[in-house]
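Notes follow the structure.
Chains: A, B, C, D, E and F, in written order; residue numbering restarts at 1 for each.
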Amino acid sequence: MFAIGVVAQFEAAHRLRGDFGPASRLHGHTYRVEVEVAGPQLNDDGTLFDLGLLKAWVDEAVGELNYQNLDVLPAFAQRNSTAEEVARFLRETLAPRLHGKGLRMLTVRVWESPQAYAACQWELL
Amino acid sequence: MFAIGVVAQFEAAHRLRGDFGPASRLHGHTYRVEVEVAGPQLNDDGTLFDLGLLKAWVDEAVGELNYQNLDVLPAFAQRNSTAEEVARFLRETLAPRLHGKGLRMLTVRVWESPQAYAACQWELL
Amino acid sequence: MFAIGVVAQFEAAHRLRGDFGPASRLHGHTYRVEVEVAGPQLNDDGTLFDLGLLKAWVDEAVGELNYQNLDVLPAFAQRNSTAEEVARFLRETLAPRLHGKGLRMLTVRVWESPQAYAACQWELL
Amino acid sequence: MFAIGVVAQFEAAHRLRGDFGPASRLHGHTYRVEVEVAGPQLNDDGTLFDLGLLKAWVDEAVGELNYQNLDVLPAFAQRNSTAEEVARFLRETLAPRLHGKGLRMLTVRVWESPQAYAACQWELL
Amino acid sequence: MFAIGVVAQFEAAHRLRGDFGPASRLHGHTYRVEVEVAGPQLNDDGTLFDLGLLKAWVDEAVGELNYQNLDVLPAFAQRNSTAEEVARFLRETLAPRLHGKGLRMLTVRVWESPQAYAACQWELL
Amino acid sequence: MFAIGVVAQFEAAHRLRGDFGPASRLHGHTYRVEVEVAGPQLNDDGTLFDLGLLKAWVDEAVGELNYQNLDVLPAFAQRNSTAEEVARFLRETLAPRLHGKGLRMLTVRVWESPQAYAACQWELL
């Protein structure tokens, strides 16, 4: 099994709805995003998938969140802007572009700070 | 599958019993600890598990090792204070609190330095 | 000349008043704070100044900003919440406690992200 | 399941053959290499495998690439020097030494920069 | 005294002319570039200088080196591509744009790897 | 003014004599050491000083402390093993080799952890 991964970043404000202590107040983070795709074999050119294209797609998805208040974005109108939901949003944004490319698995990890992250993993067809 | 992870740190002395070259001498490390829990679905509030609570439990477990000589602690009376055993100790300390919470897997990674780590993974019920 | 330094962190939302492009929108950062004090000689116990005390004072000052919207805090009522002003605020908060301790210089560096910082330096008497 | 991992580094030039935009030009990277082995149980001395030995083997394998132009090395005569192929080369170099040691899985991750990596995973017998 | 700093990065091949051991062979690095400007006072908007503009200028200067073989660039036709000379090249590129802006000092630091850097400092008028 | 710097690391146990709270207990750290030398001009080969030689000297000095209990070493028989004193020890070890080389300033920074450091600066003749 092979995998490639890219790292991106965005700067955003948010608050959590519910009883999350200080995280219920408006605050912000420098989010670090790690996106990995995995598949069983390399192409003839020695790549699993075009790393530059993956980076461009991740940057595009992350760009929608950069310098924003997450809680006023349509993506988080119906859900809390937890790191888990940010990861799920990025997976939902990226997965359609990654289907049918010989890849098996997509993993998105979202660090809210250098000390805490959430991740989600999704099978690709 | 979703996961959340937190990072903690402790400063400890130890030596390895047996023929481990320089590591058989009394020395020390700034240990970096990464703890991840994984499970199949998010709660209604958009969390897999309370990140703050996980961080508090990890900090409590790690606190027992901070500014200590590992080899005089009861936890390491019967076992070598390798990074593998530190990871197992933290897994054993944390796992009982994490059972029955809808989580499936606990992973503990212990970095002895920025260049070397040990990890252990444990299924939660 | 000797120096000691400590690192702290806070998570905050803010926006800049004026024409700062995307930074004029409400957003947030994981701020990394580095505080250094310098002086000409060590005490008899081999310290320039108590590192633990410096860390405690920095954590206290930084704690006022953690999980906050900087722009609604009294500290930023009359000034833009630029990284430069955050650094100046921390210098103003810390300097009074550090005068008369045999130290000569206080430096505060505030990273808004891993790619950008502001710093200020202040002579201590 | 337990695992141990080590980190190494090398500085190399290369270019990609094919249409890879700027990466088709001669350029270079500081490569960060992470090698992990996993197995089901610890030895009596509290180790999964000798961390120092693993580090020495990884450093030896990585040393062949350090301060080199990857594209003139025999290892890359027949294949493009993508990060995926660098990972595969290191896996092929390391795997024979790791068979028959009670280990189950070998993972090699190769970062071309702090923002991009490739990895490959291989079952050990 | 205040300062602001930005971080950039480029991926390049080079070799040193002369007896520099392995560094005399064609190899490469992921270079990390840190550029700082310092001055005595903040503007009315709470900035020392426009951080976004500084970042854009640094990215533009660094972009000329990205995915290149340094030794075939005009900038290094007459000089060895040491980290010191890369720092001097960036200082020479950036300084003209920074004169007359109320700034006093420009510092450029160039990391060839996470373990080694060169820097140069230049007074601005 | 130009400068070059190198980074090294050592793993050591120690305790502080006196009332330093938890730091009075035997514990340990992964120490990160940064050594910088500065001087007014570059040599004809584009270097301030041989980076490889500086790295070798720093590694040799740091090697005396690696995998040791600092408090039983002759270097710390008469002084507390604070980070300030470790920095002073490294400065005293390195400075004699660096005099008369056209360098003006030696700076040694010793991180006890990623959150705390001590540094000392020394004029070279």
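The definition used in the following text is that contacts are C-beta pairs under 8 Å (C-beta built on N, C-alpha and C of every residue); 3 or more make two chains touch, one makes a residue touch a chain.
Source: prediction; values computed, not measured.
**Student:** Identify the chains adjacent to both chain D and chain F in the sense defined at the top.
**Tutor:** Intersection of chain D and chain F contact lists gives B, E.
**Student:** Where each step is a move between two chains that touch, what is the least number of such steps from chain C to chain E?
**Tutor:** Contact-graph shortest path, chain C to chain E, evaluates to 1.
**Student:** From the C-alpha centres, identify the chain that is farthest from chain F.
**Tutor:** A
**Student:** Taking mean CA positions as centres, which chain lies farthest from chain E?
**Tutor:** Farthest chain from chain E, going by C-alpha centroids: B.
**Student:** Averaging only over C-alpha atoms, locate the centres of chain B and chain F and give their separation in whole Å.
**Tutor:** 31
**Student:** Express in whole angstrom the distance between the two chain centres, defined as the mean CA positions of chain A and chain D.
**Tutor:** Taking the mean C-alpha position of each chain, the two centres sit 26 Å apart.
**Student:** Any chance you could list the residues of chain A touching two or more other chains?
**Tutor:** Residue numbers touching two or more other chains: 23, 114.
**Student:** Connecting every touching chain pair, does the picture come out as line, ring, star, complete or other?
**Tutor:** Contact pattern: none of line, ring, star or complete.
**Student:** Could you list each pair of chains that touch, in label order?
**Tutor:** Those chain pairs satisfying the definition are A-B, A-C, A-D, B-D, B-F, C-E, C-F, D-E, E-F.
**Student:** State the interface residues of chain F toward chain C in the complex, per the touch definition above.
**Tutor:** 16-18, 20-21, 23, 79-85, 87-88, 114-121
**Student:** Could you pull out which chain B residues touch chain F in their complex?
**Tutor:** That would be residues 9, 11-14, 22-23, 25-30, 66-69, 112-114 of chain B.
**Student:** Taking the touch rule as given, give the residues of chain C at its contact with chain F in the complex, in rising order.
**Tutor:** So the residues of chain C in touch with chain F come to 1-8, 36, 42, 45-48, 51-52, 55.
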